[in-house]
Each structure stands twice: as C-alpha cells, then as structure tokens.
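Once you scroll down, you'll see the structures, which are given as structure tokens.
Two complexes, one shared chain (subunit A), two partners (subunit B, subunit C).
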Partner chain A sequence: MSEESKKRLSRRRFVTLTGGALVASGILAACGDNTATTAPAAATTAAGSATTAAGSATTAAAGATTAAATTAAAGATTAAAGATTAAAPAPTATPYPTVAQAAGSTKIVFWHGFTGFNAGILQQIVNKYNTTQQKYYVQTVANSNYDDTIAKFRTALAGGDLPNVVQIYDIGTQAMIDTKKIIPVSDFIAKDNQQAIVDDIEPAVASYYTVNKVLYSMPLNSSTPVMYYNKAAFKEVGLDPDKPPTTFSAVMDAAKKLVKKDGDKITRGGVDFSLYGWILEQEHAEQGALLAEPDNGRSGTRANKLVFNGEAGQTYLNFLKSILDNGLGRSWGRHSGTTANTTIASNFATGQTAMTFESIATLRSFISSAASSGKGVDVGVAPLPKPDNAPGGVIIGGASIWITTQGDANTQAGAWDFVKFTAQPEQQSFFASNTGYYPTRKAAYNLQEMKDALAKYPQFQVAIDQLHNTKASPATAGAVFGSFSGSRQNVEAAMDNFMTGKASSAKAALDDAANKENDRLTEYNSTVK
Partner chain B sequence: MSAVDRPDSKSAQPFDAAMSTQTDEVVTITPSSQTTSPDETFSNSTYIRRRRWQNFGWALLYMAPALIIFAAFTFWPFFQSIYLSFFVTDQAGQTVRFNDVQYYSRILNLDGSGRTEYLQSIWVTIEFSLMVVPLGIVVSVALAVLATAKVKIIGVFRTIFTSSVAISVASASVIWALIYNPSVKATQWLVDALHLKSQGLLLDASTALPSVAFMTIWTSLGFNFIITLSGIQAIPQDLYESSKIDGANGWNSFRFITLPLLTPTLLFLFIISTISCFQAFTQFNVLIANEGPDGSTNVMVYQLFTAFFKDTRYGFASAIAVVLFLVVLVLTLIQYRLLDRKVHYQ
Partner chain C sequence: MSAGITSNEAHSSTYRAAEMARTIGLYILLIVASLVVLFPILFSLSLAVQGDTLAPQLVPDFSKLDWSVFSQAFNQEPNLGRWIINSFVVSLAVTLGQLITSSLAAYALATLDFPGKSIFFVIFLATLMIPWEATVIPNYLTIARDLHWKDSYQGLIVPFLGSGFGIFLLRQYFMTIPKDLYEAAVIDGCGRTRYLWSILIPLSRPALGTLAVYAFLNTYNQYYWPLLITDSPEWRTTQVGITAFRQTESAVFNLQMAGTLIVMVPTLLLLIIGQRQLVRGLTSGALKG
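For the complex of A and B:
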C-alpha cells in the first residue's frame, strides 16, 4: 500500500470517525462507555449535512424560514421571562377554547397578533360571534406578535393564501394600503349604510386610520402612552400624590426627591425608562411637530421625507440624557430588547422605580403585579410629560383589522359582518374593560360594564382625558409611511447611541437615524406603483 | 474493495475511490488493457464509457430522493438569492427593478455613503467566532481528557458534560436570558465588579458580545465534548502503553499522542464551529432582539434578518446572504489550507 493511498484512506476514516461519532453521540451520552461504531453511510450523511448547513443559511429564503421559527421562539421567551420575573403578570398560557363550526356556515379566517391573556379576551368575542349567528364561522389564527403577523401576511402575498381578516398594528397602515390586497372598510360602510359607526368612533382613533379621507381598516384596540407613578413613594418624600408632574422640568424636580441611592448605585429610580421609538413619536405630537413630510403623509401626497431629527426629538433625547447624567434614574435599554419591558414592569411593581412611561394598555397588569408583590406600591397614572411650553397631544397606538380581497363576495361579506360585530359598543366595552385598551366607540362609555371598569380603575380615566384633550392636527394624527414598520429599530439605536455617549449629540444621533430611514423610505416609495 | 487491490492506486482518480464497487472493477481492468493490442483498447474504452454512463444513471437514480430535496430547498433558494441580490423588490418580494451591484457596494461601503455598519457586522461576526471557537474547543478537549479517567462513576460525568447537547439553542437562550436579566440579579455581582455604567451585562457595549459568546460556548459544549471524546477513544491504547514503557508522564502522552492524533477531529470541530458561529442567530434574537448596545452584537445573520423581516428588502437581505456565504467559504478554505498540513492522519 503506497503512502498516498494510505493517507487518502485514512482521511476517509477521519470523516467516518467524526461523522460516526455524531450518530453515536446519543448512545454515548446514555451509556457512558462505548466505542464509536462507525458506518460509512453515517459519515457521508454527516459530511453532507455539514456542507448543506453552510449553503442553506446563506440563502435568504432558507435563512428566513429559520428566522421565522426562532422569532416565534423568541416571542415565547419574552412571555416566559415575564412570567418568571417576580412581579410580571402571569398570562394564561393555554389558548381560550374555541367553539365548533356550524354546518353550512362560511369560514372566515382571522389572523391576529395577540398572545396570552389578550388572545383569550379576543377569542371570547369571536366565540360570541360564532354562537350568535350561523351564517359565518370565524376561525382565529394567533401569531406571536404584531411584527410576525405583518411578516407572515407579506409572505402570504407572494403565496396567495391570505386570511380574510387580519389584525395589523398602527404603523403597518401605509404598507397594508400598498399591498393592494385589501378592501377599505369605507367601501363596506357605504354599501351597508353604516356611517353611524364611523361617526361614533373616537375621533383620534378614526383620524389615525383615515388616510386621504378613506377609512381603510376598522380599529380594534387602541392605546396611548402615559406616565405611571408610585403614589406611595410620592407620599413618602412629601410630594402630592394627586398632583403628578406633567412637564419635563417638573418630572426632573420630582425625580430628585424620589431617587434613592446606595453610594453611587441607584436603588430606586426617580424615573426609569426604556429607549422606545413610540414615545419619541409621541413627544413629537406633544410639541406639534411632524415625523414625516408632507403632513405626516396624510394629505394625499405620500410621505417622502422623515424629519424626526428636528428640535422636538432632540428635546426629548436631551431630557432622557439629563436624567442619566444627573443620576435621577436608569435606562433599561432598547424597548425592542427582550429585557427592558419585564425589568421595568418588575421594578415598578416592587417599588424600585418611582416613575416610568408605558402604554395605558399595561395598566391592568401593572396594578395586579403591584398588588401581588406586596411592596405597597400604589399605581398612579398621569398624562405623558411634555416639554414645558408644548401644546400637548398624543397619537393613538394599537391595532386595527383589515379585510382582504381573499375569497368570493360571500366570504368578503362575512368578513365585513364580523368586523362590524367587533366594532359594536358591547364588544368594545368588553374588550376595553378587560384589557386596558380604550373602547374605540364613544357609545361604549354608556354601557354599565365600561362604567364599572372606570369606577374600579379610575386611573383609566386619566388616559381617556388625555386622548380627549388632544386637538386634531396632522401632528397628532400620527405619521403614515410605507417603511414605518422597520423604522423604530434605527430610531432606538440612535437613542441608545446618544445615551451611551457614542453619538456626540442628540442631533448627531437622530440625523444618522433619519439618514438611514430616509434611504429606506426612498427605496420603499420607488417600489410602489 | 480496497486500495490494495489496485495495481497502481496513483492513477486512480480521487472520486473513483468514493465510487461503487463496480467502478473499481473497471479501474482494475485499465492497466491490464495497456499491454493488449490497440483494437482491444478501443473496444475496451467504449465499453468503459458505456459502463460509466450506465453507472452515472444508476447513481442519479439512487441519489434522486436526496437530490430533489436539495434542489428544491437548497440549490434553488441559493441561486434565487444570488439573483435577487441584484434587484430591488417590493414588500411581497417581487422584483421591481434591476439594481446592479449597488447592494454589494453598500455592504462593503464602496459607494461613498459612509455606511460602515455592514462592514462592522462582518467584523462583529468574526469577533464572535474568535471568542467562541478556540475557547469552546479548549474546554471540550480538557473535559474529554478528564472524561477518559478510569474512575468508577465516569459515566455520570460524561452524561453531565454531554447534557447541553440535548438542549436546543432556543431553550438555552431562554435560560440564559433569565440568568442575564437584570431583575433576576444573578449576574449583578459581575456588573458591579466591572463597574459598568449600564444596568446589565447584555445592556453594555463592552460585555454584550462576550456574554452571548459565553452562552454559546456552554450550548455547544455538549456536541464538542462528544466529538472530542470519541476522537480520543479512537486512539489505539497500545500507543499509550508503549509510551508508558518509554517512561512518558501524563502530560507527555497527551502532548505527543493524544493531541496529534486528535487533530483530524479538532480540524472538523474547528470548521463546524466556525460555520455555526457565522450562522448564529437564535441566541442573538432571544437574548437581545436588536443590534445590541452600540451595535456591539450586530452579527451578519441579524442584519440579514432585519433586512428581510423588518425592512422587507428581499434584495438587500439576499446580498447580505451572498456576502456571508462568500466570507464563510473563504474562511473555510483558508482553514483547510493552513490547518490541513498540521493534521496528523493515522
């Protein structure tokens, strides 16, 4: 046997050995002692799969599938992390039971982005619809979050298997319009003579989902951000718990009294926050500033330039930075990160955070976790603070439901029938009183259920007043632009860069983000016919 | 079939060695035909050619199930990616216009836009591999050597060392997300000891990447350990016995027997680990879910994910994928070239 062939043969044995080891691994783990019995077949498979791995991740599509799977896992993770953290609420993990489809009914497929508790509340509404009439049957498909829902919808655009009704978050509005696979609810409203519904929708909510005078989707769940504060801590340091600070400078003053330190280390944050693109957008509305030109994309001309790098955004970033620089509170990182929400929620519930900014939709979970932590935290809600001389006003957030072009006329009519059902005051009152979102219908406030909820949770009223006090304008209507759904990523990166000192000024940080986002927006607009 | 049967193994093509028994029979005919008349050679070669085609047909037939799956799920998306990387697409992924190599020049910062974050992400990926691969291998070799000790309940230890192989990266990430979570306070001592300005290991630009790397080493330890241990167990015992007779101590037998004979296994691990580091995504998405503080954990696959799912820029995502593929390809080739020479085959 020549040296050459010997080597070649040995090399094969190397592959065989290592590959066989792969297969034998299980046995080894179990038995502890063995010799790796090798089979040539196993070796080739192992070597083959190794190269495949290299190939598959590099193809976007293949990589994408894996990514989707892991995102789902990540979503679950966040929930899991939340559940384990001392104070976070424990959402019901098991899906709410569905009812059986009645014979002869038309099936309507409904995708939504709720999980846990909220998904259960929504399912109860769907069940009510399915049991109160026999013509249509709504089948819910839950996705792990809003991001995944729109991503899945986009994937389905190419495949063609769209749902009949889909819940999409606020910032997906322009992108959904651009898919050209949706039917504006305005069309159904006109056909069905249901203008009364539109007239009764909360004006701020209706104006958000109305683009160029067309109401494209039916709002389902709406919220705004508020400031949560611990009334007990206010009392403790001699602040009036019924007069929370409403401006940046007042918040700073209160935080000076509220902050507790152990040496250099903050043990109770006067004001703790996450780096949240949504709040930055809100602060633009508070100051009457636009996020996008022209007119936040609402006047019939598509938004073509993002201007969130102006004075308004800088003022907010400088406010956050001065909280850190003066040692009055802590930043818990980017809101899109996995730990920021759960950490702030748990710190607030255990009295380690005196003030923070979050959506009113989390009110119920804040109250219940504060109660279960036993640290005597008394949850107070105040309007979102604004710069001292700003006019004020907030943009609604949340999601709406869209009717797609999928299915025949009967199916589409069924989709509208269901959408109409969810927009009734009874359903809105049920959803709002159980979650913490606003009812989208004004009439819902006249129902006993809603009245009881407001009596039980008076904090809710603060958020409702904040919404009602907002004057309608393009700035408070919020921006619509096609690349919105990915834009907070860069905005939050900019906020982070400024907080850590990587960016020299708020302007530099925001300029960089605006630059990147304008680049994306220009490309997006160029792809829309 | 074996190389010994061959009159002249040097003349055999490398792929012949991997082919079926039938081919080898054909090859053994070849040298004997050289001594016969030209006529016979001619008929023989047409015969060989026919046999070859026949074999090829059979080979295709046998490989068909795998080939079809590979073609549909690997080759087709792969070429589709290359194609898409030259186009701008709409949000449904349909090509809208030809984009030349603009996405590539953007990634490599050749278009004068000053956007260095993509080059940065290549560097972050390399940094991540440098943290994970060498340390991961050193630890697994150390554990594997420990696990060959002849003590009573060694099986229990082997099971413990192997256990992380049974945990998927996603589940492991959930566990570590809790460990690193600032409100759990399990790593607070480290945050304090390092005098970090941020509130947690994953929130600070200087510690985020090492934290993810540490978690990745832990996760891949089980697999690395199994491979290394089986590599060590494949080394013939008589070598150790004779070295003992020669008076070698434990270190010497490790240095001059175990390590050299383990090099094929280590090369395999080295390449596999590097590739998996370049493809790492799950732990970044679960632990951090964005580009990390100051972009410090912005690995290429995360960029790809963002471009594809958040920005719906299919073309750009594809271009990143192609660049990632090329980087991995080049690195693997370099590793083979540099390290193969140092590998001792038995």
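For the complex of A and C:
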C-alpha cells in the first residue's frame, strides 16, 4: 500500500517536474531577450500592444484606435521593415497594423492567401492605398494559404457574401471563371481606358491570365522555377561556376563530377529533387508540349482531355530516374503536402546538395541560409534545365487578384481602383524588391528600388531573362482547367511510383495519373454549363 | 534462509537496495518514455530557437540560442493572446453546451416513456451518419447570411451545441444504471429533475468526462469552420491564427514553431493542473460501477 502510494507520488512529482520545466522555459522565452530588439521594433511593439489592448477592450479594434496613433504606428512599421530589409534578406517578422477606415469611405473587402512576411508586405501596399485616398477603404482578410482561400470562396458562393477582391492562385483560374461571380479585369480596363497597363504587363504573365483573349484577373505576384546550384562546389570539381549546365545531359555530366559518396551513400547529391507536379508542367512548356487539349484550354473551347502522359512528361521522368539509377543524386519524395522542399533547401544551404530545382521566390532564403550555415555555399541561379534540343520556355506561377460581382457599382468601381493601384509600377517594384516575385510590370524595372534589388541579388536577373526568353504559345501560357487545383497530388503519386519502381515505366505511371485526372476533369466539366 | 545472515537488519538492507535499484530503473524508464512522448515538443522548441534558417539541426547550437523568437511571434501577431482566449471561450462553451443538451436528451431517451421515443433516437443517431462536409454550407448560410454572426462568439459556438454522439454516449451509459435506483428515489420523494441532478449526473461522471474531453478537443482543433466564419484577425482561433506564421514561399520554421508552442502552453497547463481530476473522474466510476 505504502509502496503503491510512493510510486504514485514519484510519478506525480515527475509529471510536475517536467511540466514545471516546460512552463518555466515558456515563461523564460516569453520574457527573454527584450534587450536585443532594435528601436523601430520596440516602437512597433508598443503599437502592437496598443492594438491588443484595444482589441480586448472593445470588439471594434480598428475603430477604437485613433487615426493619429495608427498613422504613427504605420510609419513605424515602414521604418522597421526598411531596416530589416537592409539588414537581413531573410524573411523576418514584420508587424503590420492596419490603418483605420476614413469616415464616409466605401469598404472593399480583400481576401488573400498570404501569411508571414509576404502578408506584411501586401498590407503595407494596402495601407498606402488607404492613406493616399479617402474614397475607398480596403480591408484585408488573410486566409492561411491559397488552397483555403479558394475553398472559403467556394463556400461563400453559396451564401452570396463574397469579398470584393480575392487573390487566387494560378491553377484556380478556370474554376474562378466558372463561378460566374467575377467581373473580368478586361471590362474595367476597357471602361477606364487603361490599355496601357495591359500593354506593359510582362507578356508571359499576361498570357497566363488571359483565357480566350480576355484578361480575367490582375496578376499580383508571379514566379518561375529555376535551377539553384552551388558555385563553390562547381569550382571545387573544376566546373566553370559561371557556365551552369542548361540541358538534361549537361546536368547529368556535371552531377557525375559533383556527387560525393561514402560507400554507396550519397553525402553530396549532384542533383537532388522533389517530385513536384509544377516542375513537370514546366518541362512540358520547355518542350513546347501541351498539358491539356485543346490548346491548354485557352482558345475558347474548355479543356476536356489531359495529355501530360505524352512524350514530354516521360522524358522528364526518365531524366529524374536516370539520376537515381546512376547514383548522381537523391529524390526526396513528393513535394505537395510534405517537407521535401525543406529538406532539399536545408541540404543545399549546408553544401550537401550541389544542384536543385525550386521557385525563384525562395532565392532570398536560400542566400541567407547559405550564409548563416557557414559552409561556404555560394548560391548560383541557372535557367531550369530542359531536354537537349528543346525550344525552351517556362510557365509563370503565383497568384492574381479577381474582382467579384459583390456589391453595388460604386463598390465594384472601388475594387477596380484598388486592383489598378496594385498594378502600378511603384507597387510592383516595392512588392518584387521586398519578396522574391517578379514585378508584373515592365516599367517597374526602371525604378531605382527595383534596380537596387537587382544589384543586390544579381541571380534574380537569370530568372528575368528566362521569363523574357520564353516565346508566347499555348504551351508556355500554361494550362487552364477546372479541376487543376488538387491535380498535382495524383501526378506526384505517379512520379513517386516510377521513382520507387512500383510502376514499370514512366508511361505506365503517367497513364495511370492521367486516367484518374481525366475522370476528375470530366466530372468537373459535367457540373458546369 | 542461508545460514548466518538471517538477521532482520541485513534482510532489510538488501530489500532497501533492491527497492532503490527498482526505483532507479523505473526513473530511467520514465525518462526515456517521457523523452519519446515529449519529442515533438522538444523538437519544436529546438527549431524555434535556431533563428530563421532553412537548415535547422536536430539539436540546436547551445551557444547561440535565439529566444527572441517568442517575443517576435507576439510582435508579428499582436492578436496571439486573443486567439488563445477565443479558442478557450469557444471550446469551453461548446463543451458545457454539449454536456447540458446531451445529458438532458439522453435522460429523456433513457428513462422516460413517451410516444415516438425510438423515432427520436433514430433521428439523433442518423445525424452521426451525415458527413460533416455536407452540413458546412447549410450551417454557413444560417450563421453568416441569415443571422449575420460572422466574427462573433455565437457564430463559433452555436452550431456545435448539440451532438448526436454525445446523446448516444450518455443514453447508453444512463441505460446501465438500474431502474430500481430511480424507483427507490421516487419512493423517497425525489422528482425527475432532482433525480437527474443529484443521482444520475454524479453517477455518470466517467461518461460525462469522456464526452467533455472529446468535445473540448474537437472544438479546440477545429480549423475550417473558424476560417469560414471569421474574417477579422481578432476573432480567429488559434488553429487558424497560427497559420499566419507560415511563410508562403520558403520553409523557415522558427516563428511557426514559436507560435505553436505559445498556443500550446495554456492547454498544457490545463492538462497538468486538471490531470488528476480528469483521471479520477474517468476511473472512479468505472471501479465502483
């Protein structure tokens, strides 16, 4: 009996001890290191806590704070953001208090899928809009990510309380058109005589969001994939760091020299990759091949057959497979919904991966992580490799903003006014030079801010050139089809089956995925008129 | 039993040594087990304090731990505290609501005789067969369009106040309590309400405890409904809120992990404080019943 109680006591004490230690570390952490915060950061902390106080005191947090206080807060953030950008290129925490709504202004609700650092940059653009004019007020609603934004939008369709402006990812384009609750940006451009904007949008970007000659949405943030390579490793093995390989066979040749092994185990992958549907789509564009027929769904007839199981897709998969078969690199498995990209980024930053494929939008974190890992990795950027003799070309990715039919004519006009504002070169240059996306406007490159960013990140120019060298065609415009969102899961599963030997050939693997995806597409098409 | 050393003292000292060894062994086992159980928490703490790097280590470099990440998390999302409060208010209200509605309905179904009783029960059961996804849009229409309860506690709480599972669980438990008890109580002059409150509820603590834990966790972990029904940051719950720490294009984990740890501390505290109560509630009835 007494032993029993002793045991229980010790167990209890143990739980208390571990619990106590955890709580203590939590408390320590919460109060810790106030000294390290810089002056502007401290200013924003004050602003932040003021908002919290207002938030808990009344429900109308934004309304409660006085205009003067919030303006000051906004000013402080801009200063803080400026300081962080200058000091560290890596994404850092940026508080982004909203400004108060001016009396008598019309509210425009803007849903977006950004979080973290990018959400802060976007909020600063919105704040600038809200403080430079008093007629409209844009209220942002952050919805966790692109997938959740479109999911929430679909549910809201039923309730009829849509936002006025919504940011939707590239692959949601056809689905958005099919909601019939959006007003094409083209309509506003014609009414407002703003053809100059369209003429100045990057052609590759404009062609992505143009379906059957109508520009449906205004591109906001665009990116393309590139190949990252470690210049230091190139030098080490006698390769020219300024002449990275650009074709599949050249990549294989370079990887043969770059790979390092300990017995059979690869300690530095010549080329490491994740199985990413997005890159497979890109390789179709590189080879001038369509993903969907007819014409990638862009010529007025809805896409009704997916053809990514053709030769172009097989060529890419066989390239990946031969990297594995020859022991030149590693596959880290499926990309979507996993942390494969994190593993690769981490390997790259620590010199355990010599080449890999990723979005140009991650350039800054690659550079800052490589610098902080102290392994002497020198980040180089090359165009995404293509099969020998392929014409080349990439499809842009990212997101655009849509205007909905919600609200009266005045609200819709306000929505357009805001969308137009985000498309100005000043905003695009601000956004691009603070994130890793392209400016969607050609004129943005003439601004000093953008020039400075390019001087600081010369690697970015490679991606811009790759974009500019892409010839416009249905293949490089990318596919639009209603069931696009969610389709990469099946494609990546097929890629995985082939890499792990579960599927006998690239064709068998892709045929399987294409069958499944064609069923989904047919089902989707049957639900829209 | 061996010759010579049969004195009491020697016996008790070997006994003590054996007990000591057993205690040490037990502690080592417990430490290993708790390390395994705590691994996710320790790992997130490790990721949190390594600074904004793409290449974190399993074990951080202890010479340059970055504790400022926790204050950074509050800097970036001043609403973090509010989200925790929201989550608690909503989860507690839903738990309480489900306990009340489920026990009342289950009481009627288990002890009363009224026409159509089995039909009611089947209807309640049928709600368990309807997938949650099918009810999202009707619920959304009611709450957002008809009642205008977006960005409010009502909107987050009311749709979940009734629970088919809770009714079923409690009815089954109430059925196991002998009818004689009710008859004896009635003879002693006890009414229906008093019987529920003074006899049935105290006897059903294990079932109520299970339902409470289930309802609380389910509500606390809700993601899609709060995302749908809240727009302004101050009405978000923790599960939706912490996604704000995700970076869109790159996977830098320190802030995400710091945010996750911060929202976890209150639940952890509640568990540590309430654990004894919870375990007692769950087991006492089971032993006596």
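Please note the rule applied: the second predicted complex is superposed on the first by the 434 of 529 C-alpha atoms of A that agree within 3 Å, B and C clash if a C-alpha of one lies under 4 Å from a C-alpha of the other, contacts with A are read in each partner's own complex, and residues count from 1 in each chain.
Everything below uses one rule, namely that contacts are C-beta pairs under 8 Å (C-beta built on N, C-alpha and C of every residue); 3 or more make two chains touch, one makes a residue touch a chain.
Keep in mind the model is a prediction, meaning the values are calculated, not measured.
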{"item": "First, second, both or neither for A:A232, with subunit B first and subunit C second", "value": "neither"}
{"item": "Subunit B versus subunit C as contact partner of A:N118, first or second or both or neither", "value": "second"}
{"item": "Touched partner set for A:T339, first subunit B, second subunit C, both or neither", "value": "both"}
{"item": "Which of subunit B and subunit C A:D178 touches, first, second, both or neither", "value": "first"}
{"item": "A:T527 touches, of subunit B and subunit C: first, second, both or neither?", "value": "first"}
{"item": "Touching partner for A:V198 - first (subunit B), second (subunit C), both, neither", "value": "neither"}
{"item": "First (subunit B), second (subunit C), both or neither touched by A:A158", "value": "both"}
{"item": "Partner chain(s) touched by A:S331 [first = subunit B, second = subunit C, both, neither]", "value": "first"}
{"item": "Partner chain in contact with A:L454 - subunit B first, subunit C second, else both or neither", "value": "neither"}
{"item": "Overlap of subunit C and subunit B interfaces on subunit A (superposed complexes)", "value": "7, 10-12, 14-15, 18, 22, 25, 28-30, 32-33, 36, 52, 55-56, 59, 61, 151, 155, 158, 339, 342, 346-347"}
{"item": "Subunit C contact footprint on subunit A (complex, rising order)", "value": "3, 7, 10-12, 14-16, 18-19, 22-23, 25-26, 28-30, 32-34, 36-37, 41, 44-45, 48-49, 51-52, 55-56, 59, 61, 88, 90-95, 97, 109, 113-120, 141-145, 148, 151-152, 155-156, 158-161, 223, 339, 341-342, 345-350, 359, 361-362, 364-366, 368-369, 372-373, 435-436"}
{"item": "Partner subunit A, residues of subunit B touching it in the complex", "value": "2-4, 6, 9-10, 14, 17-18, 70, 73-74, 77-78, 80-81, 84, 88-94, 96-97, 115, 154-156, 158-159, 162-163, 165-166, 170, 173-174, 177-178, 180-184, 192, 197-200, 202-203, 205, 222-223, 226-227, 229-231, 233-234, 264-265, 268, 271-272, 275-276, 278-279, 281-282, 285-291, 293-295, 301, 304-306, 308-314, 317-318, 320-322, 324-325, 328-329, 332, 345-346"}
{"item": "Residues of subunit C defined as touching subunit A within the complex", "value": "19, 23, 26-27, 30, 34, 38, 41, 45, 49, 51-56, 66-79, 81-82, 85, 136-137, 140-141, 144-145, 150, 224, 227-228, 231-234, 240, 243-253, 255, 258, 261-262, 265, 268-269, 272, 275-276"}
{"item": "Subunit B partner contacts - residues on subunit A that touch it in the complex", "value": "1-2, 4-15, 17-18, 20-22, 24-25, 28-33, 35-36, 50, 52-64, 66-68, 70-71, 73-74, 76-77, 80-81, 84-86, 147, 151, 154-155, 157-158, 175, 178-179, 265, 330-334, 336-339, 342-343, 346-347, 482-483, 485-486, 489, 492-493, 496-497, 500, 502, 516, 520, 523-524, 526-528"}
